[in-house]
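Per-chain numbering from 1; labels A, B, C, D, E and F assigned in written order.
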Amino acid sequence: MRPSKRAADAMRAISLERGVAKHAEGSCLVKFGDTHVLCTASLEEKPPAWLRGTGKGWVTAEYGMLPRSTGDRMRREAATGKQSGRTQEIQRLIGRSLRAVVDLVHLGEKQITIDCDVLQADGGTRTASVTGGFIALYECIEWMKARQMVGPKVIRDHVAAVSVGIYRGQPVLDLDYAEDSEAETDANFVITGSGGIVEIQGTAEGKPFDEAELTAMLGLAKSGIAELVELQKLAIL
Amino acid sequence: MRPSKRAADAMRAISLERGVAKHAEGSCLVKFGDTHVLCTASLEEKPPAWLRGTGKGWVTAEYGMLPRSTGDRMRREAATGKQSGRTQEIQRLIGRSLRAVVDLVHLGEKQITIDCDVLQADGGTRTASVTGGFIALYECIEWMKARQMVGPKVIRDHVAAVSVGIYRGQPVLDLDYAEDSEAETDANFVITGSGGIVEIQGTAEGKPFDEAELTAMLGLAKSGIAELVELQKLAIL
Amino acid sequence: MRPSKRAADAMRAISLERGVAKHAEGSCLVKFGDTHVLCTASLEEKPPAWLRGTGKGWVTAEYGMLPRSTGDRMRREAATGKQSGRTQEIQRLIGRSLRAVVDLVHLGEKQITIDCDVLQADGGTRTASVTGGFIALYECIEWMKARQMVGPKVIRDHVAAVSVGIYRGQPVLDLDYAEDSEAETDANFVITGSGGIVEIQGTAEGKPFDEAELTAMLGLAKSGIAELVELQKLAIL
Amino acid sequence: MRPSKRAADAMRAISLERGVAKHAEGSCLVKFGDTHVLCTASLEEKPPAWLRGTGKGWVTAEYGMLPRSTGDRMRREAATGKQSGRTQEIQRLIGRSLRAVVDLVHLGEKQITIDCDVLQADGGTRTASVTGGFIALYECIEWMKARQMVGPKVIRDHVAAVSVGIYRGQPVLDLDYAEDSEAETDANFVITGSGGIVEIQGTAEGKPFDEAELTAMLGLAKSGIAELVELQKLAIL
Amino acid sequence: MRPSKRAADAMRAISLERGVAKHAEGSCLVKFGDTHVLCTASLEEKPPAWLRGTGKGWVTAEYGMLPRSTGDRMRREAATGKQSGRTQEIQRLIGRSLRAVVDLVHLGEKQITIDCDVLQADGGTRTASVTGGFIALYECIEWMKARQMVGPKVIRDHVAAVSVGIYRGQPVLDLDYAEDSEAETDANFVITGSGGIVEIQGTAEGKPFDEAELTAMLGLAKSGIAELVELQKLAIL
Amino acid sequence: MRPSKRAADAMRAISLERGVAKHAEGSCLVKFGDTHVLCTASLEEKPPAWLRGTGKGWVTAEYGMLPRSTGDRMRREAATGKQSGRTQEIQRLIGRSLRAVVDLVHLGEKQITIDCDVLQADGGTRTASVTGGFIALYECIEWMKARQMVGPKVIRDHVAAVSVGIYRGQPVLDLDYAEDSEAETDANFVITGSGGIVEIQGTAEGKPFDEAELTAMLGLAKSGIAELVELQKLAIL
């Protein structure tokens, strides 16, 4: 029995609200239950220095948590003077995941930065960030299309992410904090709309897992991501 | 004529929404028009080291802006590795303003941190932070009272803040970004519910101002803050 | 009765010594009683990057305290690796104050940096820095005139600063450390030679102040600054 | 055809040289072909602060690359003033992997730090670090046993790591730099001596991969790690 | 012929002014010609952590240059966020030199910090710092003796420093900036009142030097330091 | 009697192994007994910014210690976020020493960085770094000659370094850690193949030394360096 009473393959209530930021070229407030992340897309007319002259653009991401998004207040990273290893790991993951569905040549020599700021955390902030970050990115590309800055083929597919874990011996989908902090194994999957795997990160926190468990987790992840992609499609209708 | 068509003594639409953060002991989402700030209060059972053994507590504040809260994306302070002088100036102001209405002896050896994170900026983020921060602080003290952690006399008065400026030669109340970036003089007033002045910061950006203008600005500020205090009272009914 | 036995409207002994730095384009050792600040002006032939091509120049300031300028040794900011919020607040104030009397178009695409280093502190280091910094700036402009680098109209007015406070219920001028650490209200005024107000920063450390007290403090500040401007005029004869 | 002419399931020449550091409680110079990593284990008598009083110990890891371990010289992280996101990601992985086979209660209130410094890099530095780090850790525990500091059951199993990828459409084992920089998918597996999966990190650099490819990669990884575990056993005979 | 017309063995005008800092336990404004350094001694009642319980105290030094102490303005180290290698080298030298004449056991578990801040630089700032720092230290010990905090035997000898160089083929004493920037060899000697060598740092900037030149430089240094020690004795009469 | 039983003028076993780094333009693994330093030379086609357009090149050095190269583990400088004063002092010394034998005009507008990373420390790491760094530099110049990037006259002489000290009253050559930590005086000499002195750094850790001791130390250093230069010649045959 999950603490939230959800079935093993049930996700939390998901919401993807577009157009929430007055200034940004794209934005999405994504909620996976009590996990709330504000994603914005910011366009810069220049690519990073190492891409100048190549004809290619870039998509990157930054991630942060508000100090009291969590049960105990965390120290503000701006005050400690550096981003933690965890923060950097997550923002690298978000960037890689979104680039997997963008044609950087069709984007051209520009850079889009996806900022994912966690307003409230209850497990799964990185998977919510990828899922909502896709919508912010999509809006930004639409904004560019409306200004003839890019052609139609920049985004090649949907991409979304979900966490899966082994909780009390059972594979479960979309862990909240209560589960996450106790799970034997915690894994994150990033999968495209057409079912291609972009990223797997699986870690045994307690005892190691086996191939059968990996297969079960992948199955749950695929079904969860299919659902997320449907919600993305509704959000951008 | 103000860009927003407001009368010289009219504030923007103000909203103070309580209880918006699942984990925090107090919280408020404050809106001054398109300026939106999420304020949370976090209680620590210990005061800062320099107050241990004195019987007194402390209230402090931290301030941050989401990178794309502004028209152009700002660099994330966690990534640059330090808080700007402006950030530090603002968070010191918020802390001083809130401490002005707290009885630190009645608070006892505890610390409350008010985090003010700007989700969207359109001028006046520091005055919104003080005004909304008061509500978060108030909620936190109520939370403590409900647990018999403090007595009734911790908060001595209301406190709120508003900006005033000289825009095209005329004193105006509660500047938005369009006015703020062009104003000859920009001033922030922090005033208590009973009308005591806690802080004045007035800067001539263009030509110096005179005593008559100072008096006019103070008058506008007092009326604006009286209105804000009424809204605070409604919010905490 | 003030600890220094001064009358409420009496400043400390003020001294403005020009030309004290062998290498700098302008310099002034300013003393407000036991507060001693060495101000130098350094000319750079280029403006900051964001002004290139605009025809305008810039005046900026940096501030520091020697570690043992104070009663207890302070940690050296170069060793801690960052400037405190207070340091940044003060150097921003000095820069704004001096720019208020400089015609940046007549200065042309150059930058002048005013360094204010506190050799000994006894309250009022920021107001001494503005007052002495003006002399260093003036010397620098004279140095430039002598080399035909600027025309006659770069400096438009004098500017000086003084602190005022409410000490044991009474408004007093030019607080030393003994008063400053106990004052109910502490305010700094920056005012031009012609009496225009450039900056007001007033903070109630204890109980809030009212409009009558603000008016009394402004009156003291104006008389103090008139005196400082006379001393500036003598110094640059 | 692989650039190195190896069969798809062939690893590079592996060498695990124990006892190479005069001062350390454990050490191993591990070579995966031209990738050379010096691993040392350092024992501290105290656990990290957050474990004091719990009876448990800790194993952590740090990772670094010599500036000219790579084809182009990298900037020294000590000189840039921070560890990159990649460095932090790797050292967190090494620590998690080694803790997976250590009984922290049997270790007791102590901390072992595994330093993995890359002397020469040719792909797979993190997998070499886990594999050689295990030997350094093992030596350290033996050193402690010889001094009656721990009992026999601290290390529960072997653990090793290997990279696998999809190179030109084909799953291949233990990628060198020439392959790694061109592979469509790059994955790292950390697996115990008894075949339990501790960590999977798979990233599609080019086109997404599917479940069949994941299964093939896992198969290669298992066979590679079985071989590494045999070599570890020989090394610690 | 030296640029300053001095004889090869002539030092610049030296001045050692005691008691210049209102707050410090000891102080000295030292001038070697146009090189002016303000030295203060600050007493702390506790030694550094690594000496607690040993019965021994410590003397340490910090060094800084005001940004416009030099011909071109240097960036402020507090603003750049770190002390340069040169700064650290110099402050380590000053600390070692002063400790060479202090009986740390007789000092007892206390720490004295000597701050040497260069107000104006014209070559030889580190040698002036050692020479003037000794006076500040001496005053501090006298201050402690007057309060029965130490016995009579804390300071065992005088110590002073001077620079020597090979300038246009000739050994010369006490280089100013004009010589220093052109000298083939630049050396600093720290020597006690009784003639013991505490530190030699000699660097060939151009062609290497030989033993005869080293001997000549040592001779000049000894005579210069004998003179400095006489001046120290006069200063502390 | 020295702890190592060596005669006062006997160096430890010295080894200079060339060509140890696959990627670097030059390299040397140098051993002075149990002190092992890996030196690499990295060529950049551009000089540092301040030399552009002068026709001259530059040789610089960086130095680091692996965390467990020492008896107690040292904190990793990349993790602490800065290089210690000692590290900076040493890398500046290595750079100066190597530049003393390089004709920077013949090198042309290029930069060579010598990285010296201490794999194992037992005293004398800086002298081993200079001695081995010379071989890495030499190899790099040979590599450039083979590609017609420089002419024959870039390296003008050999250069090597050795430590000397006063240990239990007696001058001894090439101190290991056991001696170094107890020596009354510790000195490092950098001398060219033709016997010119490039650098002397001598520090009395305990009682000051006199001229006779300095002369004795210089004599030992000269004989030690003559031996090192012979070994360098053999290494580059």
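One rule holds for everything that comes next: a residue touches a chain if its C-beta (ideal position, glycine included) is under 8 Å from a C-beta of that chain, and two chains touch if they have at least 3 such contacts.
All values reported here derive from a predicted model rather than from experimental measurement.
> Among the remaining chains, which ones contact both chain E and chain F?
none
> Spell out the chains that contact chain B while also contacting chain F.
Touching chain B as well as chain F, we find no chain at all.
> Report the chain whose CA-based centre is farthest from the CA-based centre of chain A.
Most remote chain from chain A, centroid-wise, comes out as E.
> Any idea how many Å lie between the Cα centroids of chain D and chain F?
33
> How many angstrom between the C-alpha centroids of chain D and chain C?
59
> Report the inter-centroid distance (CA atoms only) between chain A and chain F in whole Å.
Those two chain centres are 50 Å apart.
> So which stretches of chain A touch two or more other chains?
81-83, in rising order.
> What is the order of the chains around the ring when you begin with chain A and head toward chain B?
Loop order (chain A start, chain B next): A, B, C, E, F, D.
> In the complex formed with chain D, which residues of chain A make contact?
Answer in residue numbers: 82-86, 88-89, 91-92, 96, 100, 187, 191-192, 195-204, 207-211, 214-215, 218.
> Given the complex with chain A, which residues does chain B contribute to the contact?
21-24, 27, 34, 38, 40, 42, 44, 62, 64, 66-71, 73, 76-79, 81-83, 87, 113, 115, 117, 119-122
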